[in-house]
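As structure tokens, here come the structures.
The two complexes that follow have subunit A in common; it is paired with subunit B in the first and with subunit C in the second.
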Partner chain A sequence: MKAVQQKITPGWLGAIPAAWLAVLFLIPFAIMLSVSVAHRVPGGFFEPGFELTSYARLFTPFFGRILLTSVLVAAGAALICVALAFPFTVVLTGLRRRAQTLVLVVLLAVLSLSEVIIGFSLSTLLSRTAGVGNLLAWIGLTEAPQAYTPSLFALMAGLCYLGFPYAVLVLYPPVSRLDPELGEAARIMGASPLRAFVTVTMPVLRAPLAGALILVFVFTLGAYLLPQLLGRPRHWTLSVHITDQAIFQSNLPFAAAMAVLLLLVALAMVGLALLLGREKGTPA
Partner chain B sequence: MTRLGPLYLIVILALLMAPLVVVTGVSLNSAQSLRFPPQDLSLRWYGALFQQADWLGPLRNSVLIAALASLLAVAVALPLALHVWARGGWLGRALYTLGVAPFMLPPVITALGFLVFWVSLGMYGQFSATVISHAVFLVTLPLVTISLGLQAIDPALIEAARVMGATRGKVLRTVVLPLVLPYMISGYAFAFVLSLNEYIIAYMVAGFTVETLPIKIFNSLRYGYTPIMGVVSVLFVVIAVVVFCLIGRFGNLPRLLGAERIRD
Partner chain C sequence: MTELSLRGLTKRFGAATAVEDVTLDIPHGKFVCLLGPSGCGKTTLLRLIAGLEEPTSGQVLVAGQDQTGVPTHRRDFGMVFQSLALFPHLSVAENVAYPLAIRGIDRATRRKRAAELLEMVRLPDVGERRIHQLSGGQRQRVAIARGLAIDPQVFLLDEPLSALDANLREHMQVELRQLQQRLGVTTVVVTHDQKEALTMADVLIVMDQGRVQQMGAPMDLYRDPANAFVAGFIGSTNLIPCRLSGRVLDMPGGRVALADGDRVKCPEGAAVLSVRPEDVRFAEQGLPATVGFIRDLGESVQFVLERDGQQVTALFAPRERPSVGLGDTVRLAFEPGRLVVLAP
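The block that comes next holds the complex of A and B.
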């Protein structure tokens, strides 16, 4: 965004995307905001109005449980993802370009997979007739093939599967910017590879790591199908309940109020992550 | 780096591929069961996807929505990226943030926003509503790739064209556009793959009238699993791998994803 000297685009050009995004992105949010304070007509839709009934429901134990479940599940998945993804990314950035491209293709392919497909694949893998259950019985660890889904374990596995490629791609730019000589210096001074990793690489990348943790948290918070496919109803997260309220309970105002809360939480966290990311100029 | 590093990489990649291998195996069953390893290998369900009307419809919807929505997304992202690149300023920054925002937020929020928006307009449940919603949601991808392409342009090229007397329009058409065309294509491809796989927005905007493949899979999961779902999964994985391989082959995937230091 440096080039002032080259105003080679006509001034009106920006108006097209500005109008497009304003109408199709900002207005839906404005409507959602107005729906969240609208009056619910039971069994039907809603009528315009201003009342905070839907927001009041956010302070009930019912909602508190949903929120706690969502936060714990997403935070757990984010921690596991980043813990696994960080060493992965460090090794990845050390590879040659060809090998890197190959690994990135796999990651992107997994990342772009629909949650439906991830849920279907994992529930097949963890089912009684295919995959893990069969394998364990065959080895003799269990007497008969057993199903491992739906369960909290299956849900966490699914969320990690969803979040892992994302975590790698978030960490990829800052890790690739890291000066390889830093690690080498530590090695020459006699540090073991593990020690160099823990005492040099990790502290240097503290801010991007925290940023990645937050972004993966927000990302897994957005999962809406995996909790339904791999978890039990008590593992349902905020995203699932928003859909449920909007489509099946026909309570749009309450769904909108929950979405507004989720939006505020997500915006705050993404903002924090971007702030943390900005401080990363120190290495290199 | 010791030998432990690459080993770790391979183990993780194997874990990532395990579900896909199982699904591929399942899709080859000849009976309507999800056995793995498959019994009596057959491609029967691959044929079924393209013959059974109840799967062919969603397949057609998905491909059409992805093709149109990505086109629209690129058409909006191009002027946006150009404006930000050539003029910057607060409007540029605000627009760029707005363009990237849908992607950073949990998609349920965007989906619900679109739901109430289309309901207010009376377009809830229409094909065009899904296309436009996807286009807005996916504008981030071409926006990021095209911006990267623009930043890579050598300012001297543009200066040279200007000095030689080319008008603004001519510089845009003959210098800038050809240089960013590959980035437009990869942005289109990214958006296409993601639109194919997108569920929640398509579902909230027109889930009961315009069935896409992910919606169809989810709906049929309730009535039991069939190998045909495995077939769709395999198809989607193959499309994604082919698209990203092509981008990696003709473009610089590591750079596109933000790497700065790469050993060749």
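The block that comes next holds the complex of A and C.
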């Protein structure tokens, strides 16, 4: 009668993704780790070895600033995305079923656009010659058409365009499952619609909100194309500099060291967010 | 004194009418049950009173003040929702004190009042706990305490006990009723359970298809239903089709002459006779019927009687049990003064 006790999903199925993960992620990561401690041959490539010179270079004010820029840009994009996506999703779940499906399909369509298309579209749209600047000048808001790219604003717009659908898709299931009576109860007890939103809807959905923040943060932390297309060099993120070192400066050990750092920062941020989400929280 | 008045209250959702022209007055301090089958509009009516739905037409007045245009959060009602709607991110005490926190009352007062309220619903010492650490019955009490936190003028409850198991539900009905009597707060409860309504209510409002069918004291509705729907919905009854002419009912198998106390609520012609199972007796002469089934329930005995393909139920106390068996032919007589003749 042992068969009765058996689980429906056999445990060994889990070995397949585990093996893939090992082959496609852990092994390349191990190679990258070994490269990051290799000895650089100036003007050439690198030879195997163990030295921490590449890591030491990371602790200079210059790279500190780059790291800070990367984190701030990604965190900013995550905050803006979720701040837009959350009310959007709450309103979306209040619509009729058919309208909800339509909006979700449009969002999924946006996901199919590549970073390249989004980047070039925005840089055209925000340019002086063909962009919205002409429209603003024509209305009379500005005297002459202006260029809005490259700038931090253009970069943020691009990253948010990229991250917004993900934030909505992460928030949609928990928001649509939210008991509408919670908000109504807050209203009956004297909370205005805005206060009900801030004191009940938001804290109840703390865990999904933290999840959406982490997702967009990690997603935009690795952004490589948009900072070059829409940002100024001082907005360049770590990813851009990694490419710069690896391809144009032929310094693979240093690029690998920066990549390891990027991974650690991403992990640290995820861990921090999980910790903050759990501290006072209730099981989601 | 009238606490809550509804004037021609109507709510339509598109082409469907949920509540149709409801006008009634609820006196101060009464416990009112809105009773009806699911989909009869009772929950919509409660939501209209609370301001969670906007009426298509009509008015809601509290103590003579028109509340129709007043947003929900300025109405100062207390309400218990069907899902209870306790906030999972707050502790029990914070839940109970939420209406006070919203009104800007200071922390010390809030804490004191929350302790009082939890004491009142007999749940001391759980203030620091989380909602998910409480049992169903405890959550129920917390929701009631929270609804009463601001001493509301009107306390509204939407199927508050539906999530509890049968024993606990009966216990909570009594407790809720006693609490309401102690506080004297005007209370409106929505329920589809007639026993629950009979247990708790001073005033029963029976609804069907968006309309109020009858309003009154529970026993008045039981003895003197206004129509066949109310007769069938409050308690159980036998509805026997017949023809009324003068004070005599013609029905298949014989005639029944109405006694003095019997009530007639329809014009002559086609009618239905409503007779309660406990008012059906076996006699020497009367309508012939066959015993189709006997249900021994311990506290009572139920006879299901067949006559012309129609069933009539008779209920006896065990010590009055007639000595008849399955398949026997009996003759039925009805307790005089207990019959109601209604429009079909």
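Assorted remarks:
Following the convention adopted for this analysis, the second predicted complex is superposed on the first by the 239 of 284 C-alpha atoms of A that agree within 3 Å, B and C clash if a C-alpha of one lies under 4 Å from a C-alpha of the other, contacts with A are read in each partner's own complex, and residues count from 1 in each chain.
Methods note: a residue touches a chain if its C-beta (ideal position, glycine included) is under 8 Å from a C-beta of that chain, and two chains touch if they have at least 3 such contacts.
All values reported here derive from a predicted model rather than from experimental measurement.
Once the two complexes are overlaid on the shared chain, A:Val204 sits against subunit C while remaining clear of subunit B.
When both complexes are overlaid on chain A, the residue A:Gly190 reaches subunit C alone and has no touch with subunit B. In the overlay built on the shared chain, the residue A:Ile247 is in contact with subunit B alone; subunit C does not reach it.
By the touch criterion stated above, A:Ala154 is placed in contact with neither subunit B nor subunit C.
Residue contacts after overlaying the shared chain place A:Val37 against neither subunit B nor subunit C.
Of the two partner chains, neither subunit B nor subunit C is touched by A:Cys81.
If you count the residues of subunit A touched by subunit B and by subunit C, you find the higher number for B.
By the document's definition of touching, of the two partners only subunit C reaches A:Glu181; subunit B does not. Where the contact sets of subunit A with subunit B and with subunit C meet, they give residues 193. Residues of subunit B that touch subunit A in their complex: 1-2, 4-6, 8-9, 12-13, 16-20, 22-23, 25-26, 33-36, 76-77, 79-80, 82-88, 91-93, 95, 98-99, 101-102, 104-117, 120, 132-133, 136, 139, 155, 158-159, 162, 168, 171-172, 176, 193-194, 196-200, 203-204, 207, 214, 217-218, 221, 225, 229-230, 232-233, 236-237, 240-241, 244-245, 248, 252-254, 257-264. For subunit A in complex with subunit C, the touching residues are 179, 181-182, 184-193, 195-196, 199-200, 203-204, 206, 281-283. Per the touch definition, subunit A reaches subunit B in the complex via residues 1-11, 13-14, 16-18, 20-21, 24-29, 31-32, 35, 84, 87-88, 90-97, 100-110, 112-118, 120-122, 124-125, 127, 129-131, 134, 161, 164-165, 169, 172-173, 176-177, 180, 193, 215, 218-219, 221-222, 224-225, 229, 239, 242-243, 246-247, 252, 255-256, 259, 262-263, 266-267, 270.
The residues of subunit C lying in touch with subunit A in their complex are 50, 52, 71-79, 81-83, 85, 87-89, 98-99, 102-103, 130, 132, 146, 149-150.
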